[in-house]
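Each of the two complexes below includes subunit A, the first together with subunit B, the second together with subunit C.
Our next item is the complex of A and B:
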């Protein structure tokens, strides 16, 4: 009985102080930690791969019109699995080391919304990701002048200039 | 005996009653029998062939076959065979004979199947509802295909679970609905006389998350592992491994050998982590916080190691169908060995101290006795079963991943009490360290993901079990169309172990109730991927709210 208590005491004493100073001192996670997924919306091409693999359905895709795709990432639903970063063909998503994410306005703080200019399928009229950047530039509506000109394929009304 | 031979034996005995028999794999046997022979076949398997009941499942196959498919799962541990006994039940007469009077372990899962699919087990000794909320409509069965995921019937007030009648003169001690020791929602009503506990009534399943429905109606094959992992907060990797292995078996997918070793290592790391967490909690329950402090301190470097390997302390998110997402780089081997070496040294010190400690012995020895026979009858799993002298361990009985190539020890104690269950876990932790060393030594080079382009064909099925820290985790997958399982059935170990609470508490002092319940490492969130209630033997005196108020007022006045 006494022997056991002594053994336990030695086990405790040998340990010394182990409590970390966190949160008063930083405690960075390991390399390759899967924290807050940061989205570089400029790189996004709107393919929707991330939404297709997301287990918690945190990423929603909505086509506003034939050329515009709206992607809403409700990151308060995110389970930090990192599948979106894994499948993204453009490496637009990075899993950061940020893990201190509590907020009293989670919904606003954790929502990332972007709108992507897409190509329109001439057969079904729905959005798709153009095969190359050149194809994207050729899409009616991509450039301002295209809109102004009101080209034959353009879905927009021609913009009237001040002179007219 | 192979699975095919076992099937032939059953067919010889029951002749035409066995409609179909297939054994696609050495360890898997599928029987389809007529509805009237369910009880005799179950009795034959359980009593004559020495099989153990695992779980039962209901599948809505009205679209394909116009029938409900009820499946009883058994296992023959000596022959390393899992047996699925399918029965098709008519849509118009959704009834099946209950096997609970013959196989007591089927109690909860038959009730769950009734709640979920609506096939009534006729002759069930405790026909109360188990899983669904008290105000859930009687005629709405969530796992039927025509009930949409996310269906929310309007709440109804003034309904409650029918409770068991109390015996004359006994008083009731409510524990829960927020279980104070494990910080999880469950509700035990222990009735007793004086200090001695008697019958127990249990209501759980407050945390029903509908994970199975989600997997069968919304997610795709490769999304399920991440949700499966979240069935349990402590032993998540076992669920995703078991699910992935079941789908791989069903699809006939060969996974690279390195994947099997990585899964084995992660499973064993998880076992060390879970057992040290549990030992700390157990110490805490009996008021011996030194153990809590020390085991949780030992555990912390392991959590950091897992974070380094997988990207997260828990819920590793490593499993996908056909492989794992992250490799264990060779430069990590030394770090792993160092961390587990340190744990081994300190664990050994703890191990040496525990058996001599009078405080611990007084609380553990001879309390919470679960006799071997009862444990077998009620289907105990994992350390709970092994502490009661049942030598069952999925890693050896039904080897998966790389366990067939490694030296694994079955840690069995026949003390049947809380101490035996502690010793089993102490041993297993040291054994897990040993297994990791072997796996790191033998792990071959190679890819970490199987190459496959084809779709997983529909209508195939596979069973797989994994030895979680708490016991046997069982997954059954029936593949479907639309890139998702048609049915995915999960049985967590606590589901089986919780049914052992009533006999375990009988005759114990009320002060020992928390450690008795704690001794099988209950995980209510695992169990409640659907919901549960039990039962039993119990006689309970129930105080109404008025009585309780009167009681307190009486005290304050006096």
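Our next item is the complex of A and C:
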């Protein structure tokens, strides 16, 4: 009986240390891992394709003046599907391998705002937008006039922490 | 100050109570993965407990559904002070793809004071370990808000390629 226990102990010891040293030593993810989407603002043409395909509608577009388009990415609700990088005609979005995204205030830290300088129409002097207001409503990225965050108009009273 | 106190008081052991408030189980599986010998969160003193009354930390996964709101508030009150709330996954952080659904509150911070957020869909076990390391003060957070702007007088902005 003791012999079997000894055998088991030897078997267990033979495997050695299996635990990852992760927080103290880097551990890069696999080849096709999709992490934090990085935007190259110089390549972006402001077409809004990423906003149209984003499943969580984390990418929102506002035209703030005649030739500036503001693209707000609320990456706090990004699901890292990589659709935006796939549809981008200029490859301005790359899915990096950055996964260490934890923070104490993710709503501010995960926000990416880019202001795109838009070429205007030589005749009318306005940005190129969908032809009619109805078409504009149909484009998901253009649907919201204000930036909507999850839980911002929740009817529930938040519990106060002991700190306050 | 409260956070510093928590870091000192909790540095020996964090007892964790894991709550699912409408998640798809993806994050739950990753949380279980973190407790396996390979990732081994127990080396930081992390231990899953069966009752909120034994816990120091609430691990919350999922966008909060309306049905579960009173239960989560009671659960939060049942955890003895000082306590931490860690939101795991894009759903818990910002509502995920359900951020404006009718039956979803949209993020845990709409109803509870959240101390640490770990985005990801689901977050990798390493990302959760990094979140723990940030909470314990072993690692620095790596995300910050990004504001990008294209300038109208860039030489390359003259020839803007338009997708056909």
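Methods note: the second predicted complex is superposed on the first by the 103 of 164 C-alpha atoms of A that agree within 3 Å, B and C clash if a C-alpha of one lies under 4 Å from a C-alpha of the other, contacts with A are read in each partner's own complex, and residues count from 1 in each chain.
The definition used in the following text is that a residue touches a chain if its C-beta (ideal position, glycine included) is under 8 Å from a C-beta of that chain, and two chains touch if they have at least 3 such contacts.
This structure is a prediction, so every number in the text was calculated from the model and none was measured.
Residue contacts after overlaying the shared chain place A:132 against neither subunit B nor subunit C.
Contact with both subunit B and subunit C is seen for A:55 once the two complexes are overlaid on the shared chain. Put subunit B and subunit C next to each other and count what each touches on subunit A; the higher total goes to C. By the document's definition of touching, of the two partners only subunit C reaches A:77; subunit B does not. Residue contacts after overlaying the shared chain place A:22 against subunit C, while subunit B stays out of touching range.
Contacts of A:47 after superposition on the shared chain: subunit C is touched, whereas subunit B is not.
In the superposition on chain A, A:122 makes contact with neither subunit B nor subunit C.
When the two structures are aligned on the shared chain, A:109 is found in touch with subunit C, with no touch to subunit B. On subunit A, the surface touched by subunit B in one complex and the surface touched by subunit C in the other have residues 18, 29, 33, 55-57, 79-81 in common. Those residues of subunit A whose C-beta lies close enough to touch subunit B in the complex are 1, 3-5, 7-8, 10-12, 15, 18, 29-34, 53-57, 79-83, 86, 95. Of all residues in subunit B, only 218-219, 222-227, 230, 290, 293-294, 297, 300, 304, 307-308, 311-312, 315, 317, 325-326, 346, 349-350, 352-358 touch subunit A in the complex they form. Listed in rising order, the residues of subunit C touching subunit A in the complex are 2-3, 37-40, 43, 63, 69, 73, 76-77, 81-83, 87, 90-91, 93-100, 104-107, 109-113, 115-121, 123-124, 126-127, 129-134, 138-139, 141-152, 154, 156-157, 160-163.
Residues 18-20, 22-24, 27, 29, 33, 36, 39, 41-42, 44-45, 47, 49, 55-57, 67, 74-81, 89-90, 98-117, 119, 148-152, 154, 156, 158-164 of subunit A are the ones touching subunit C in the complex.
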